[in-house]
Amino acid sequence: MAAKTEKLLQVKNLKKYFNVSRKDVLKAVDGVTFDVYKGETLGLVGESGCGKSTTGRTIIRLYDPTDGEVIFDGQDIGGKLNRNEKKNLSKRMQMIFQDPYASLNPRMMVKDIIAEGIDIHHLAKSPKERMDRVYKMLETVGLNREHANRYPHEFSGGQRQRIGIARALAVDPDFIIADEPISALDVSIQAQVVNLMQELQEKQGLTYLFIAHDLSMVKHISDRVGVMYLGNMAELASSDDVYDHPLHPYTQSLLSAIPVADPEIERTRERIILEGDVPSPIDPPSGCRFRTRCPFAMDICAKVRPKWHEAEKNHWVACHLHDEEIKTEKV
Amino acid sequence: GSSSSNDSSSKGSSTELAKDQTLTMSINADIPTLDPNLATDTTSTNAIDMTQSGLTRMHNNKFEWDLAKGEPKVSADKKTYTFTLRDQKWSDGKPVTAQDFVYGWHRQNDPAAKPAYNFLFASVGIKNAAKIEDPDNKAYYGKYDKLGIKALDDKTLQVTLEQAAPPFFYSILSQPQFFPVREDVVKKNGSKYATSADTMLYSGPFVLSDWKKGTGWTYKKNKDYWNAKETKLKTVNFKVVKESGTAVNMYKTGSSDIVQLSAEFIDQFKKQYPKEVQSSVNAGTYYLYINEKTNKNLKNLNLRKALNAAIDRQGLTQTILNDGSVPSNYVVPKDFTAGPDGKDFRSKHPDGFSAGESSEAKSYWNKAKKELGIKSLKINFLSQDTSKVKQIDAYIANQIKKNLPGVTVEVNEQPWANYLKLNNEFKYDIAFSGWFPDYQDPMTYLDMWTTNNPMNTIGWSNKKFDSLIKDAQTNTADVTNRWNDLVSAEELMMSEYPIVPLFQQGYTWAQKSYVKGYSQPSYGPEFDFSKAYILKH
Amino acid sequence: MDHLLEIKDLNVVFHIFGADVQAVRGINLQLDKGETLAIVGESGSGKSVTSKSIMGLIPNPPGEIATGEILFEGNDLVQYTQKQMQKIRGKDISMIFQDPMTALNPTMKIGKQIMEGLIKHQGLSKHDARERAVELLQLVGIPNPEKRVDEYPHQFSGGMRQRVVIAIALACNPKILIADEPTTALDVTIQAQILDLMRDLQEKTGTAIILITHDLGVVANLAKRVAVMYGGKIVETGTLDEIFYNPKHPYTWGLLSSMPKLHAKTDKLLAIPGTPPDLSHPPKGCPFAARCPYAMKVCIDHMPEYTELSKTQKAACWLLDERAPKVVPPSTIGVGGEA
Amino acid sequence: MGRYILKRVGYMIVTFYVVVTLTFLSMKMLPGTPFKFANRLTPEQLNQLKHYYGLDQPVPIQYLHYLWNFIHGDLGGSFQYGMQPVTEFLFQRFPVSLQLGFESMVFGTVLGILLGIVSGINRGRVLDWGTVVLTVVFISIPSFIFAAILQYFFSVQIRIFPVIGWSGPMTHVLPVISIGVGVMATVARFMRTEMVEVLNQDYIVTAQAKGLSTSAVIYKHAIRNAMIPIVTVIGPLTSAVVTGSLVIENIFAIPGIGSQFVDAIVTNDYPMIMGTTELYAGLFIGTILIVDILYGIIDPRIRVSGGKPS
Amino acid sequence: MANSNTDITKESFAKVNLADTESEKITGESVSAWKDALRRFVTNKGAMASMIIIAAIVLFAIIGPHFFGYDIDDQDVSRANLPPKIGALTWIPAFNGYENGVDIYKEKNVTKNYWFGTDQFGRDLWTRTWKGTQISLIIALIATLADVFIGVVYGGVSGYFGGMIDTVLQRILEIIAGIPNLVWIILLMLIMRPGLITITIAILATSWLSMARIVRGEMLKLKNQEFVLASRTLGAGDGRIIFKHLIPNSIGMIIINTMFSVPNAIFFEAFLSFIGLGIRQPQASLGSLINDGYQMLQIHPYQTLYPGIIISLLLICFNIMGDGLRDAFDPKLRR
């Protein structure tokens, strides 16, 4: 794969806090920094509740960021946006959702679902043009014209997910955030969707932020992968780097935990089994978020929050084990 | 009185008295108060009538001497009356004295005691009463000690009037407002006075022995009553039952001996228990006000006649009310008072002054239309919102609509207080109303129609009528002349049809055949069981 | 040979609004002592219905076991009355459900939920049952079990709840444990904990496990034998290695090749096109025919019989008929065998 | 939890204050006077009376006065009962209504829960259908019609129960049934829905999988969970029953607060109307509070987190 | 292993080419969620029967009053309190014009038949009953419509905008709900005249609360659904989200709740009639008819019976229909 270098999206120290009660603040995303290059797929993995969706939703401005910068194609979109700016943004940045059952309005026909973006942005001059675009979108995602007049509940999960993709593509965006687009689908169907997304990327030069917790699928589709833990980014590198020599203990244990569909490997594999569950984001551990479950936790981990730094070339990590300063101190 | 105290009709199994002289009745309201000075409603009044005594007592529509030992000594100018009291003890053993009467009368005229019915004193013409009750009269207002009553000694009571006593003087003395009151008991109990069975003293044929608020009460025979030998009943139970259906069910199952019947049950009872159904007419009269003050059309006599003729009273009393009420076309009810000649007031015009049959209504209406130059008429019919009245309203509205083509009636049913307000402000065309006597005299039905009387809320005015009434009020001494004045006044009034008389109220009740001597007279106690008894059964 | 459990020609029908859903259409299965059998397959292929049939928990109405036998130690459970079934459930055969969040009664203490089965089946006193409950919690790796027996489910995290569910299932040392997607609702790191736990426990107790999942990774991790279901039927069964390294049914091929490989580079995943059949109007022939890249005329009209490929492996596919053209399975499934 | 209760009590006080103010204001909007014989009084006499009752002062002063007295437990004197304190009447009558309401609630709730369970378990079968129709019928028949029929049948025709009264246990039967069937129907409907809901839950299957008998599953797992939400219906229902029994009280001549209240309205007895209204409101608000707290106690999920699960 | 099927020939093993699009084919006609719900509803026997009964009652409410040419206020005391008599059905004791074994028609010399009998004013109860049904239905309709609108708007605003607005609106709602129904009625009763407006206001004062709660809940649930978020990311404004997404998806709940508030309104009107706040004479509603007849319950039970039957039927049918709709719209039952 050719190296992609032009930055389409820059996320800097993004934070999103929710006020869950008068006292409590839930730090769903607590200072993540990463770039997305034009034409690449950046995978985002992590356990449930670690803030993947929140990151995606904050970038696309479903949520207003608590702090931090989001720069999209040179333009800062992290601050206050007026209606028009939001609308323009929505043409260039789109989202695909997780639940194929909940993401389509059951009361609308497929054609109206797909045409929603066209209608909002007045992309069609006549009803005929509108329908033409709808048909084109349907064909693009491998459905046919007859499907335009049907209702979502008549479709299977994979088909619905393709309708969701068609809806996002209808406004001709550059950047798509896919929030677990396949995790609710059957194994045999997942490949349909993933293949389709890859095809589209090749044809239309799309850029993806691909959120999932299925690491093998993320690895398959992504150029680079970011690993999140409890609102923080733990590691970010090219997918091969992340899988072949992960630096962060969390990434390591995560990788070892995935059961592989190969009995041979499964029989011989050593696992790093993590103790306990993910702590609550309302009251996260001090210092390094992962230290409570980390097999290598040190004293400093409780005191100092590890720096997000480029430990190797294009391999970012936030862990004291890989922090040069601390390493040298120790040695 | 025509009340059916049918002692004679004892076709029952025997005439022997039952051992258990207990009578049980249901009633639809609790006793609000036992205080004679505060009582305004029939239930309180009845309770006071049965448990206390005044100078006189009403029985079967006639007064009897009660605590007064017979006729008083009357002065020559007929203005001063000196009563001698009988020996009667209060239920705490102390004698009833003339001072108790003085205190009672004073208290009734003391604004601080918040009496509501003291205008009776002025109506009778007790000396200074009118002035004492008039807040504008700075010199007299509230100075009840200037009232014309004096205790000459413990047993002698002197009453002074402004003029010769009107004929109803002795009968009105049976009203609780004129009863003796024990000052020490009032003072001792304060605000609790007369609110329960034991914060009150008794001097009547019965004592109140048990009063459970909301449930009922019990009277026991008062052995110390001077006329106790005539009291046959040992116990009388009253049960508070608000649903007429429930009361009837109690009667049917034998848990009460007497039940007041509402219209719907009467036919059934007449079929099922023909011997037990009793009825009497009382002195309540009902009529329609006609607003002549603010409604020009209604000044037309033919229109008023048309209204009068339009209503079929027979249908109203027979089918809608069905409770013994009788159609009326007069102002003063029948069987209420007798004149100096001993004849009933109604004897000269027994059927009143009908403007005609309903078939004639149309011709009056046609004449009126011509005279007024109108084609149709909209009538605002003011009434009250109680369920029984609503039925009457529906009937009357329909009668007028049906018999006077072109007239539309809009019924405006209001709560009592609002009704009064609209009525006083003349915001109506016709209004349903009724009258109960304050005292036993035709005057109580007639004087309110005089010009400028605050009760005259119809705007009718007739000089001749005014002078006849005035004459009757001032010349109390000439009894026959006064009587004739009143008869003429009614004749005069009804020639102009300022109101549309509808009916004279009747009561229908059922009493078990073993109950004798019970009556519901037209004036006096509502339920008179003072001389009732139970036959063996 | 006497199996611990043997299912013969099981048919389950649901009579629902306007249609009869033939959820399970004539399946045959055997399970031996101490063995782990995985049932994999498409969503809606009848995996859960099969397991519920074994437990006698098909909701009736609308469900009904139309025909078939479920022989447990030689006795046909289909003929059992509810009373008889209640003696088997939880004691000889027990079950773990997919969603630990809803599988526990929210208003009953954890301890009591574990104790219920013990008291019922082993006649333990309250006190003994409680002690055993604490032991069980300890066994499934819940710290502080003495304290936690008296807590309520909502005070437990998802992973811990699933451990509790397992503890309940294991309470009476059942001969068969049916685990219906025991880890689907859990995070990978927790899933690893649970899978470890299950394997340990099986080693200790020798319980036979029926593992239902659609995650082939989990199958590879835990199972000894695999049955692949599609459209209410078992299309292929065999040992773990046979299914993974020498599959014969095109659906199995598709299943295996649509999974990305973590340790090998795949350029493009092999997708199975189309959607599974509607079981209220099941196809006459092979249920997979409509989506099968090798489909032949015969597949559409005739259901293939099983072909015994080895002592342990058999598959139902017309490609295995000698008249059928030879096809090469897709290379993506790695170890390719020829059909 | 403590915070939660405190918050609820706060709302309760505000609500109650609103009720007190509303009753006061609407009383002031009333036409006419409380004096029955107003038509026989001169305007002067009327003013005099108004002065006695403090009705001639400006409304805000009357209001403050009223609030002040209210805080001190003085609801004024009843106009129709010669200024006897209203509180006395309320204290005398209320316990009867409360007892009637309580007995009806127990009767209705117990039967309703049973019926709801039976119906829920047999969803879609004849028994369920029968119960559904029965409950709707009972909800549809006004309680006074039902009471009248019961009285006619059981007291007049068969003569098992006395026509009126509130003394022995026999006198309680008919009124309690008359009110109770409505409660029963409401509770049964609610319980049925909850049962159906609960029986579809996974933990029921878990319980069945443990090998528990059907009755144990229903009794120990389904019913308890289905009954928790019932508490929320019972609260408002209780006060609706206690306050709504006025018609029944009249039919069976029960000396409760309801019949008293009707009288008060008919006679424009302001203080009595206000007092009773406030009592009703207090009762209602109180039960809702108790129910909320109770809910927290019964449902372990709230006990810890302090708030209803959404 | 060998296949015994004789019709399997060599060419059966020819490969068929299934086009990709072929496998995507959906058979059967397109059904919207509405049609789907409708179908389920139609197969629900109880609900359908209820709907037919309601339709019949509505029909009679419209044509019934014109059967005999009587007006609702056609009084004639000479024919008062006649029991029901239907010429063709005199063999049924309930319709032979007898009361307590006496032929009342003969006794009163009445030749015409009155199907539901007459009241104490001699008014034809058939006419009055159906006219009353009309009024009751209109009251229910007015009240329900208003209730729906207030409830939907209040709940919608509260749920959709959330935040401070929601908090404030919810606190207000809590306080309103904290005041018992009876208290509202009493206050109204004291200051208003009976009649249609009073009835409507009385119903409104309290009944929209549940609708508001339900709509708010729906809004809270829906506004975070992915399809709404999707619409947001496409740049949709509040108006589009509300009218295209939220309302169409909560309308099922709104309809169901309406089905339950219709009988509530009818029942409530009856209760208001009972305490004297109902419709005014000579107008009649089912509630006022029952209340009038109630006085006669022991003597002329038929005067309560027919309005009673109709009101009960209405309540029962609306309730069963509501249940049916709930099932029809239940997402859990959908496949």
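Residue numbering begins at 1 within each chain, and the chains themselves are lettered A, B, C, D and E in the order written.
In this section, a contact is a pair of C-beta atoms (placed from the backbone, for glycine too) under 8 Å apart; a residue touches a chain by one contact, two chains touch by 3 or more.
If you're wondering where the values come from, they're calculated on a predicted model, not measured in any experiment.
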{"item": "Set of chains adjacent to subunit A and to subunit E", "value": "C"}
{"item": "Fewest hops from subunit A to subunit D - one hop per pair of touching chains", "value": "2"}
{"item": "Centre-to-centre distance between subunit D and subunit C (centres being mean Cα positions), rounded to whole Å", "value": "53"}
{"item": "Distance between chain centroids, defined by C-alpha means - subunit B, subunit D (Å)", "value": "40"}
{"item": "Distance from subunit E to subunit C - Cα centre to Cα centre, in angstrom", "value": "48"}
{"item": "Inter-centroid spacing, subunit C versus subunit A (mean Cα positions, whole Å)", "value": "32"}
{"item": "Multi-partner residues of subunit C (each touching 2 or more other chains)", "value": "273, 275"}
{"item": "For subunit A, residues contacting two or more additional chains", "value": "159"}
{"item": "For subunit E, residues contacting two or more additional chains", "value": "20, 24, 297-298"}
{"item": "Touching pairs - complete list by chain label", "value": "A-C, A-E, B-D, B-E, C-D, C-E, D-E"}
{"item": "Sites on subunit C touched by subunit A in the complex", "value": "42-43, 157-160, 187-193, 195-196, 214-221, 240-241, 244-245, 251, 254-256, 258-263, 266, 268-273, 275-276, 334"}
{"item": "Subunit E-touching residues of subunit D, taken from the complex the two chains share", "value": "11-12, 14-16, 18-19, 22-23, 26-27, 29-30, 129, 132-133, 136-137, 139-142, 144-145, 148-149, 152, 200, 239-240, 243-244, 247, 265, 273, 277, 280-281, 283-285, 288"}
{"item": "Subunit D partner contacts - residues on subunit E that touch it in the complex", "value": "46, 171, 174-175, 178-183, 186-187, 189-191, 263, 267, 270-271, 274, 290, 294, 297-298, 304, 308, 311-312, 315-316, 319-320, 323, 332"}
{"item": "Parts of subunit C lying in touch with subunit D, wherever the complex brings them together", "value": "55, 57, 61, 82-83, 85-91, 94-95, 97, 99, 102-108, 116-117, 120-121, 152, 154-155, 165, 168-169"}
{"item": "Subunit A to subunit C touching residues, read off their complex", "value": "47-48, 156, 158-159, 186-192, 194-195, 198, 213, 215-217, 219-220, 243, 253-263, 265-266, 271, 273-274, 277-278"}
